[in-house]
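Quick one: structure below, then a few questions.
Lettered A, B, C and D in written order, each chain numbered from 1.
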């Protein structure tokens, strides 16, 4: 049993608290938050968990092996680095940090301390993404041609983070996991409406170029009247559609290649019934992603192994977020993504 | 009755032939195509219509007042300009021409000849677009915040035109009609897969900036395993979703404004049930757009008035297409849209 | 080439005219209708087809081998029997006749004359039904447990036929084709609203019992604000859902058996994610059912073979329709289906 | 604060426990279950609630004013009647009892004791049903023509209750609430597959006749590969579709009347675009039905008023369930519904 403290009892914290409590491999010993009232309320169903209002107390308790940080983004690096320096294993809510520089500090601190640094890219642990990874790794799709994601809904505005830093980490972490390499450049576009003074974008588009024919595009939006979670992965042999709002058939594999024809008759035929192969919707395990994530964290600590959503994975996502931010401010100017182009990580 | 000849009996021609035949205000007298066999086949149900294999014969017949051109894009301007010079009224299949220069020649020729030049932007005459125009013009939506269109499907590859010139004219003509002004700049991204040698893009994204907070984005794609025709218009007061594949409720108006909150409880509430107003789906007239278009052409000739989808509207669309093309070749480089910023045209 | 005359140029006639014209195995020589104006209008695109206002002329022309009857239901039997007596092959629009007695006359006349009698159960020739038949015949579904069909929409009221005779023939013919045997009894319920004086039912439910655990239920409705075409076939091993309004994935096969559990935990699990197998949506050929039907008629005449949708199949459907009608008038009283229980017909 | 004990910690009990705990008007003081292990597990998050394994202790505690019974159906009446005799207010999970006789005992015991008897017809307290009730009561729909409900999914088999007693109480309680009167007769059909020996129906159809043109039909099914929760209410002026699986637009009002036409042209027109009015989807409050239900129970106790889902409402539903059961065993034989035809209850 890994003894864990959760830091931050705000929006995401209660989810971590619930899962660290329920996980057979972890023991939740304390939760830290400065807002005592909120903390008391959140911990009501967990009488055995200690409420702590001072982060230092967490750091000094040697029986606490790991901390999970669910505080505002700009505090991820200072809190995380300190915790690593105190010899704690660290799990950080997504995004890993608010800048590349900070994310690099976290990665460096983890390396130096020899402790586990993991980022909570929850979607990686979900049934649909696990299944899609499996299918892509089997080679079934052929070459990847395009990836298109739409993640839009009416969202509440936050004062410190724009729609890119709020929603795109989900898609970028999925992209990173599935594709296993960084894009070579990015162009992004965004506008602010509800919060113009603060210049916080609420609509944004990201275009990522991989220099090998693969184009990835992401639409994130807090102003959409309808909620959409639609992900298409187009391949040379088959393609996948992942609709996270479908109640049962969330992942569909389309056995459909491209046919070239300049014959008008064929063209008409295709327009009438444009599918020419079967569709297959694999059964998806009904796992709770967060439960899997928490378990994986415990397992990596126990076996001293690199998490699938390692600090490096978190850094790669922050690298793209920061480049996207710069591109938006440059009205879509193309930003080259620096940084090592990592080899495909092990599943 | 306006006496009309259709030029080109290929993919789109038969649709024009059918509608000019059926329209009570037009009389289809001749169809011109070099492929005599195809022409004979197409005209079988129309024994009274003359088959002509030489465009000159059409030009010289003084009883033919108008020609409708449905030939490959690069021939639109030479054929159209000649017809206008011969005093014919001219309808051109979309896009108006293959370049801004050619489109300008057409507009100039129409001005010089005093004849009607109209482009077949069919969607403008459809029930849903007419209804959306009405709603926008009523001011109900408030300020326009974003326009997002997804027009994707498995498509056949053409040898002369890429996916932008094939599909985007629909969206750009709708945008032009609804918004009534040109964007200030465009950035576009595209890749070629099936036809790499010919360098014909099959996936593309267009980002149009209007310099006033309005961002319009278009995804056009010939490689998508699923067909999507989804158009969102986000406004400060209300928003519209237009799904052209919905069998009955194609246009929906969402009575939903933006609310700003940094309160966690409210945020959670919104995530659970994120709609806070009614949805209204207006009844749409079941008209055939092409029949309306043909009728409007006849009406403009008869009353000597400017068509809603005038040569100028066609030129504006071509201006964006050409800029998109240049931007794609410059890997998303931002292209300023030149040209007069037209006043809102009359409905 | 089979030389055919179509009788009746009303609602369904033009569809037959179009298909007999286009079919390479048939030649449409004449169309008969008493309404000369309607006839002239319908035949305008077919200058080579003779317009006839007197059925006798059709009968007497020895060059006409076959007639297709698309007249009001109560005239099917008198016209069809006469045509058979004159040695014509006969195709009858569904339902075959307005009563069992009349349908039996048609079947007897066909037997006596040695001519082909076929009923236009169009759906049997559609891609989805053909695919479902194939899957059922492969044994993949296991035992059939239930069949449920919903065929509802806003429909226009006819003065001579109720919603059961209008819509249920589609479902009953599909049922007959897929299951290959008659139910043992039927109970039906219906009410009249729009046309109470005429007592023409506009909403009806049919419950068919096969005495072996298979229950088939049909909901037909002219008053529904939404259009539904939803067919479920539940089997012991797998099940099929056929949604005729789905643009592409019209047939889905669910690899899902029944699991019995009185364990609360399992029960909860199933409620959260209740699918436990893959879903497979086979590619469906984009054929036009009516074109296939017409071709099959010609083929049966040429090869003197029994049609898949034979007079007997039409009679079986009428048997159920008549029993349904009697049951409705008896407020759901159970009606035993008489008549031979036919062996599974050849595909 | 009403002091409450929950009896039964099995499938539904934990939901009641959670809601009685959270409700500001109630205090959960004890939970009773014979399975001590299960009880301990369920109560872990509620350290202040007493675990009791003997129902008598609940009865004898005078500080407990009310009990909520969530035990197997056949125990509802004995436990409920005893509790009422001990002067407790009683809430019973649906269905109220396993037979009309038992339900009548409960109603009589409540009358005699002067205590509140309420049945947990949860759906009555849901946002969609509340909104539909409001619309129906406004008279907007006109006369009710038909009500059709489909409530199907893959369900787990219970050993003591069939699909009718498991799923139909939801629909019948909604029907009772919306229509406010009993049907005059019922015919029902069902078959057993998975549990043939026990003769427990897993597929069933209920047809309810109201003798005034209103027909209500219910399809309940534990063998369906797909989950459907679809409710149509057809009226003479407008109609409602309530789809409980729609994420946002769960209730839609169709402004669509019936038009009668024997003109073929009109008929075609309607078939092409069969809607002739707007669709309106009212905003639905995102309330938790169970929280509302618990609150209403407390309110009825405090103000000594009749619950909306009173014992009588529960009895009416059981009356139909029992009649349905008898009809199924009589292969659809028509069963007259006895019992007072209650006046429309106050909202």
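One rule holds for everything that comes next: a contact is a pair of C-beta atoms (placed from the backbone, for glycine too) under 8 Å apart; a residue touches a chain by one contact, two chains touch by 3 or more.
Everything numeric here is computed off the predicted structure, so don't read it as measured data.
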{"item": "Interface numbering overlap (same over half, different under half) for chain A and chain B", "value": "same"}
{"item": "Comparison of A-C and B-C by number of C-beta pairs in contact, larger one", "value": "A-C"}
{"item": "Rounded Å distance between chain B and chain C, as computed from the means of their C-alpha atoms", "value": "41"}
{"item": "Centre-to-centre distance between chain C and chain A (centres being mean Cα positions), rounded to whole Å", "value": "52"}
{"item": "Chain C: positions in contact with at least two other chains", "value": "226-227, 248, 274-275"}
{"item": "Contact footprint of chain D on chain B as seen in their complex", "value": "248-249, 255, 269, 272-286"}
{"item": "In the complex with chain D, residue positions of chain A that touch it", "value": "45-47, 226-227, 245, 247-248"}
{"item": "Of chain A, residues touching chain B in the complex", "value": "10-11, 143, 145-146, 148, 150, 153-159, 185, 187, 189-196, 202-203, 205, 207, 209, 213-215, 217, 219, 221-227, 232, 234, 236, 239-241, 254, 256, 258-262, 264, 266-268, 270-271, 274-275, 331-334"}
